[in-house]
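Multiple structures are listed underneath, in structure tokens.
One chain, subunit A, appears in both complexes that follow, with subunit B as partner in the first and subunit C in the second.
== the complex of A and B ==
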């Protein structure tokens, strides 16, 4: 029997949701300041409106604040699923008012793509967009990559927040307290931001001949999209715009940093040994090696590049961009569509597998891939050994751990759900008349929060397909559980007793 | 002289092989077929002039917004189609005006260039190796209206939010005082 949620449940959820929206409103102050500084008045008005609406929602949520605001697990998951719909809805407002989107659905598509750190876009005439709205697009990626709720937690200490933390795709706490863990994540991001933006800006001014303001604009935006594995860029030609090896190398380093779990960052910061013995680290190194080899061999076989230098530079960057779930391109969409055979397989695999758990990357995640392979390997070994033989089912991940049947089952279920999501999206694409290979590429790109495109994602794409891709990005980023909890919450509201 | 040499060679090549007007989309879709061809494209210079020791990099857009800027017409016409263009320093002229961006329609130019596809010299970059540029229309600023009604709405929302928040706080304090 399902228990119908009561008014107190609704008030707790509304209150927590209001807090999250307030934080997003506060984040709008950054592009607002830039808009005022650059005299981009129309954009400034859009941000004032968005901040006003966020403040209003936040204030109303304070009015309905329950006496006991503690969140149970189901509350937390519901808040999370709703927050990841409400935030892009609010964030879409300045995008839509910029006049660069054909409809509110298009603006919502880009906002969802931003917060889910996907990077697919249906914006039109990006090259004439105001700087402040461009910053907002990238800030959405930064917020989403860090974790919208995690950002809110930093400002509003709340009770019962554990479910919110885990629901955003973070598997373990680095410190005993979630708040301390949140602060560490911001510290890591802050240090990378300081170094990354400085390198980009100095390269922009000294070698690329940009003004300080333009160099900072490009540097800050590319940093936010690189470290949070988002993939938006300020110009329509993606990273090809810069024609700079320094930009590419810096971006590659930041993409790797973004796809690494924060617990691994912590191990490295504390100079703890043994990180390379972790199952997750070994898995990602092996899968990156395999996908890179496939990609390079495929490109060589196709003869798309005439020399080793070109093949290695383009191939390495694109496979890295795919595996980390970033989606930056140093080749055009039409070029990417020409990557056939093994090159396509390498790219699709890299996108589908994704980065590490508890990082800013999407996809199935390396830990799940490693555990799935280990579980299958153990099962085969168990079948081959004598009946009385004891099969050790352990793995190393920050210490020795047991691979219990429950863990193996849950890991495989999530992995299968991802595969299902990839295939379902591809089926929709095929139904709309796109070639299977292109439809699969785009579906994996959306579901695994990558953002590379072979050209299907465009403003002229059918509306239903846009909505389905929004759903894919949402489900993929939430890793299903929070979304299922929301469905359960709604169902218990309707049919519960 | 050494800096002028490549330009002279390219110019001779350009004269020897007459430029053909092509569509940029087609060029990008079948790049290998056009590698090394001398082509002619008319479009808008976009973003930033990246002035370096060996020339100037800029993005050349050839799309619907070249003839009909969004801020002038209000008509969306799809995505931008652009390509990187490398200009010799001798060809670049600051008098063209600011490159295109927000509230700025960049200079409209006709470029004669050699199309480089997956150029090994630049480790696989695809771009236009520009030989000559002729200015069609100088850069010009565009205007945009500030939506005052939306500003009023935003400020009203902020005021109401402020009153609600502090009103609630005052009520709480009064309730506490009255026991």
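== the complex of A and C ==
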């Protein structure tokens, strides 16, 4: 029997959701300031409107504040699922009002692509978008990558929304306190921001001939999209716009930094030994090696790049961008569509597998991949050994851990759900008449929060496909659990007693 | 959020390791590309 949620449950959820929305409103102050500084008055009005709505919702949520705002697990998951719908809905407002989107669905598509750190876009005439709205697109990626809830709990820790932390794909605490963990995440991000933006800006001024303001604009935006494995760029030609090896190398470092877990950052920063013995690190190095080899062999077999320099530069960057779930490209969508055979397989696998858990990357995640392979290996070994033999089911991840049947099962269920999501999206694409290979590529790219495109994603894409891809981005970023909790909450509200 | 000496050392070490990983991966990519181009 399902228990129907009571008013207290609803108030707790509304209160926490209001807090999260307030943070989004506060984040809107950055593009608002830029809009005022650059005299982009129409954009400034749009941001004032969005901030006003956020403030209104936040104030109303304060009015319904429960006596005890602490959230149970199911509350937390429900808030999370709703927040990841409400935030892009609110964030879509300035995008839609910019006039660069054909409909509110298109603006919501880009906002969801932003917060889920995917990077697919259906914007029209990006190259003439106002700077402040362009900053907002990238800020949405930064907000989503850092974790909307992480940002919220940094400011509202005392109001009992700490349980939300775990649902954003950050299921391990680096420090005993979640607040200390949040501080460390902001510290790592801040250091990378300082270094990354400085390098980009100096390159922009010294080599590309930009003004300081323009170089800072591009540097800050590309940093936000790179470190949070988002993949948006201020210009429609992605990183090709810059024709800069410095931009590519800096971006590659930031993509790696974004795709590794904050737990690994901590091990590296605090000089803890044994990080390269962890199952997760070994798995991602092996899968990257495999997908890179497949990609390079495929490209060479097609004869697309005939010298070591261009084969390495194009192949390596694209596979790295795919595996880290970023989505920056140094080749055009039409060129990417020509990557057939093994090159396609390598890219699709890299996108599907994704980065590390508790990072800003999407996809199945390397720890799940490693545990799935280990569980299969243990099962085969168990079947081959004598009946009475004891099979050791352990793995190394920050120390020796036991691979219990329950853990193996939950890991395989999530992995299978990702595979199902990839295939379901591809089936929809095929139903709309796209070639299977292109439909699968785009579906994996959306579900694994990558953002590389072979050209299907465009403003002229069927509306239903846009909505389905929005759903894929949402489910993929939430790793299913929070979405299922929301469904359970709604179901218990409707049929519960 | 002030950076203390321990944080600065950690940041330098972390960024250094990220660069080292990128260098190692690039070296692997160059090696694979060289072999593939040579074989073809």
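By definition in this document, the second predicted complex is superposed on the first by the 491 of 497 C-alpha atoms of A that agree within 3 Å, B and C clash if a C-alpha of one lies under 4 Å from a C-alpha of the other, contacts with A are read in each partner's own complex, and residues count from 1 in each chain.
As a working rule, a residue touches a chain if its C-beta (ideal position, glycine included) is under 8 Å from a C-beta of that chain, and two chains touch if they have at least 3 such contacts.
What you are looking at is a predicted structure, and each value in this text was computed from that prediction instead of being measured.
Following the overlay on subunit A, a side-by-side fit with no clash is recorded for the pair subunit B and subunit C. In the superposed model, A:71 makes contact with neither subunit B nor subunit C.
Of the two partner chains placed around the shared chain by superposition, neither subunit B nor subunit C is touched by A:27.
In the superposition on chain A, contact of A:306 is made with both subunit B and subunit C.
When both complexes are overlaid on chain A, the residue A:52 reaches subunit B alone and has no touch with subunit C.
Judged by the number of subunit A residues each one touches, B leads among subunit B and subunit C. Of the two partner chains, subunit C is the only one that A:265 touches; subunit B does not reach it. In the superposition on chain A, no contact is made by A:357 with either subunit B or subunit C.
Shared-chain residue A:329: touches no atom of subunit B or subunit C. Minimum C-alpha separation, subunit B to subunit C, in the superposed model: 13 Å. The intersection of subunit A residues touching subunit B with those touching subunit C, taken from the two complexes, comprises 306-307, 311.
Subunit C meets subunit A in the complex at residues 1, 3, 7, 10-11, 13-15, 17-19, 21-22, 25-26, 28-30, 32-34, 36-37, 40. Taken together, the subunit A residues at the contact with subunit B in this complex read 40-42, 45-46, 48-53, 55-56, 58-60, 62-63, 97, 99-102, 123-131, 207-210, 214, 235-237, 240-243, 304-307, 309-311, 313-314, 330-332, 334-335, 458-460. Subunit B makes touch with subunit A in their complex at residues 28-29, 31, 46-52, 56-57, 59, 61, 65, 69-71, 74, 76-84, 86, 100-104, 118-120, 122-127, 144-148, 150-151, 153-158, 160-162, 164-165, 168. Subunit A makes touch with subunit C in their complex at residues 183, 186-188, 190-192, 195, 249, 252-253, 256-257, 260, 265, 268-271, 288-289, 292-293, 296-297, 300-301, 306-308, 311-312, 315-316, 320.
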